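Letters A, B, C, D, E and F mark the chains as written, and numbering starts fresh at 1 in each.
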Amino acid sequence: MITRSFDEIAVGDVWSGRGRTITETDVVSFCYLTGNWLEIHSNVEVAAASSYGQRLVQGSLTFSLIPGLVGWDHRYVIAFYGVDRLRFLRPVFIGDTVHPKVRVVETAPKDDERGVVALAVEVRNQRDEVVQVGVFKLLVRRGPLQLDDTATAP
Amino acid sequence: MITRSFDEIAVGDVWSGRGRTITETDVVSFCYLTGNWLEIHSNVEVAAASSYGQRLVQGSLTFSLIPGLVGWDHRYVIAFYGVDRLRFLRPVFIGDTVHPKVRVVETAPKDDERGVVALAVEVRNQRDEVVQVGVFKLLVRRGPLQLDDTATAP
Amino acid sequence: MITRSFDEIAVGDVWSGRGRTITETDVVSFCYLTGNWLEIHSNVEVAAASSYGQRLVQGSLTFSLIPGLVGWDHRYVIAFYGVDRLRFLRPVFIGDTVHPKVRVVETAPKDDERGVVALAVEVRNQRDEVVQVGVFKLLVRRGPLQLDDTATAP
Amino acid sequence: MITRSFDEIAVGDVWSGRGRTITETDVVSFCYLTGNWLEIHSNVEVAAASSYGQRLVQGSLTFSLIPGLVGWDHRYVIAFYGVDRLRFLRPVFIGDTVHPKVRVVETAPKDDERGVVALAVEVRNQRDEVVQVGVFKLLVRRGPLQLDDTATAP
Amino acid sequence: MITRSFDEIAVGDVWSGRGRTITETDVVSFCYLTGNWLEIHSNVEVAAASSYGQRLVQGSLTFSLIPGLVGWDHRYVIAFYGVDRLRFLRPVFIGDTVHPKVRVVETAPKDDERGVVALAVEVRNQRDEVVQVGVFKLLVRRGPLQLDDTATAP
Amino acid sequence: MITRSFDEIAVGDVWSGRGRTITETDVVSFCYLTGNWLEIHSNVEVAAASSYGQRLVQGSLTFSLIPGLVGWDHRYVIAFYGVDRLRFLRPVFIGDTVHPKVRVVETAPKDDERGVVALAVEVRNQRDEVVQVGVFKLLVRRGPLQLDDTATAP
């Protein structure tokens, strides 16, 4: 979990996130939410006849889970405002368990109160294969928390 | 909707997608799915006290809706495998209606059966402001459909 | 709630069901489930410009709620196997509260253990306007329950 | 997908829709949405002891999926206003993949701008068995689209 | 189902509720709703390595299902206002089918219109093992229903 | 967030949790999940005519949110196994924002590896009124974490 201010974050810092099994419920719920029913995700017969032999987890679902699995403390992370070079490298299947690893690759102060942190994210499965990579851009608070921030800490 | 093969797609082609109002249900369901409960999305009191004055729609939710709103025909689009320079430019609020516009910015044959298409995506709100941009990379089938593809057309 | 056997049901019998407010969450969840995003249900701008001036509840959603609102005791109702002359008569809007009224219009024994009951269903809103009608065909058990059916009564 | 105006639709026209596997998630979500928990759908023990030997998919769930699987272009289909002779012919089980076939059985102009199209719908499973039939009544636009309809095409 | 007024309920009365299989969809949906992703519920790898060998159903999910499985008639049960000595005695796993048994252990009139009923609840699984117990406190209406209550009966 | 071992927890310790607005989506989703449709939660007309004048949030929903809002670190909290004296003191309405405060009221070692911690929980709304109280029983790990626990920290 990212629980530090901009000035306490340095290039090279690493974090791991918790793991989560991506279930059939997740894949179907993501079809629900997005309205995107490509049959490789939603039709067992079509998926069985494909080169994968089974339904794929949506790349944008795996991507969407990253912030929650990394965990960022809302008192420090002001905004998540962009992604560079997001790549879906290996298929993720229903029942796979993924977890993210993040490494700070760039820090740039923006003003007295905020700085930009670029995180290289790798999502790995239960066989420790990298399935997805990307660079996340976060706007992070500078300086220590105020007292009443602490009072409402998660 | 993208309903053409790689060889029928040219740089400069444009498509519009349908619009969708992002509801409180969508925002809450995305908190559900992702397990990511940053209070700017989930706590009315915290959001009211923020500079936005209200809850924000998650940037990765708006992103996740794009393929479904554009609509890609699964008989042509083989895979969605990456995104470049995704930027969340303006806040999206509950009740905003977004729709995507896409423009082909690059086409590159990969082999005899497939080519890569890069789409510049702009998501606009009901005031025609651009709220999100990015470049989507799709793997697209070459050549005409076979007869039985047509038979199972969506 | 239908809590009688076929032989205790007669043409002319009536039941009322409980009411339920159809919320934005229900309408959005039904878009989720069905993958059907007609903009009259999902786009506030399009709906505002339509002759209705607002989003419509899906006719098949209202229909799908009927059995749960009427309530049928699974120890008597063996199967729901068809519908005749289903008509969506008036628009249902988000926030409307609907409740069903049912009247037995036909009973036909099928064999010693089962009979068919035809129910004329009317769904009314909070202004007591009929919004949907149809005839539901149920396969209903004959004869009294066995002791252990009673033990597992809902 | 129904992408023609009333005047371009003729009795005998046929369409196929995409397929979708009905998952446990769909069945449970439909219990959620409808509040209808008949144990043949929701209790593995009761279903195993029934003549079916397993949980059934709700007939009204399969019905509710039809419009999304057929796909109707909202610029042509103004309203879905009724169903005749809907029959649930064979059980659908969790894991079955269904797809609809539709055939135009009647067309009737209503006024200068709209006509009624009656579609005979057959839903088939992965063994090509017909599991559900019905006649859907649609109100369909007459005449060509205006330019700005095209601009907002799905 | 609790379908009697306070004055018709006596210590020692018993009811059974319907059964329900707790599915993976239920467990994942409860993670969704609560935002609580303890890995013993959500990570197949972590759960397999635990002493249970598989994912556990959340204790508070099983608890939350009890009122719906018992079924209380809203015309009699005014409020559910507390629980004593709730204990999660045995693990519940995905695929288990649970059903509640309730016994009245205390009745106390509160005023002329309402009384408190304490129910000892036992939840049993498909092997008839008790997995959860607790005492539920309900506020229940006294006296017979009015005519128009009957008219809107569930 | 509870991020300490049993031996580092003392009677009198306090924690606050994050806040969350309970939305209509949450209330409807909890009706979905539980199958419990008491009209005070699900029928706007019935609720408007009640002494509350509007729909109530389910007491068991507010209860179910507590662990996620407090946040317990799965490396320390082994199990949540019971609740005493849970009371729903004030109504919670749609749109209210709740947050929990917890205080350790009892600690009891169970064996060399685990101890029981009793937490007095208060849930407060945006007006700082206590809406729900109870005592939660947790089984908590003793002693420091192993190295690889840290590696998979959330």
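Here, a contact is a pair of C-beta atoms (placed from the backbone, for glycine too) under 8 Å apart; a residue touches a chain by one contact, two chains touch by 3 or more.
This is a predicted model, so every value here is computed, not measured.
Among the remaining chains, the Cα-based centre furthest from that of subunit D is the centre of F.
Its interface matching that of C-D in over half of the contact pairs by residue number, A-B stands out among A-E, A-B or A-C.
Taking CA atoms, the transformation carrying subunit A onto subunit E includes a rotation by 120°, reported to the nearest 5. One finds 42 Å separating the Cα centroids of subunit D and subunit F. The geometric centre of subunit B is 26 Å away from that of subunit D, both derived from CA atoms.
One inter-chain figure worth recording: subunit E and subunit F are separated by 17 Å, centre to centre, where each centre is the mean of the chain's CA atoms.
Between subunit C and subunit F, the centres computed from C-alpha atoms are 36 Å apart.
Among the residues of subunit F, those in touch with two or more other chains are 18-20, 24-26, 29, 32-33, 35, 37, 39, 68, 74. Contacts from subunit B toward subunit C in the complex involve residues 18-21, 23-26, 29, 68, 95, 97, 126.
Within the complex formed with subunit F, the residues of subunit D that make contact are 29, 31-33, 35, 37. Per the touch definition, subunit D reaches subunit E in the complex via residues 24-25, 28-29, 32, 37, 39, 42-46.
Touching subunit B in their complex are the following residues of subunit A: 20, 26, 29-30, 32-36, 38-40, 59-61, 63-65, 67-69, 72, 74, 77, 79-88, 134.
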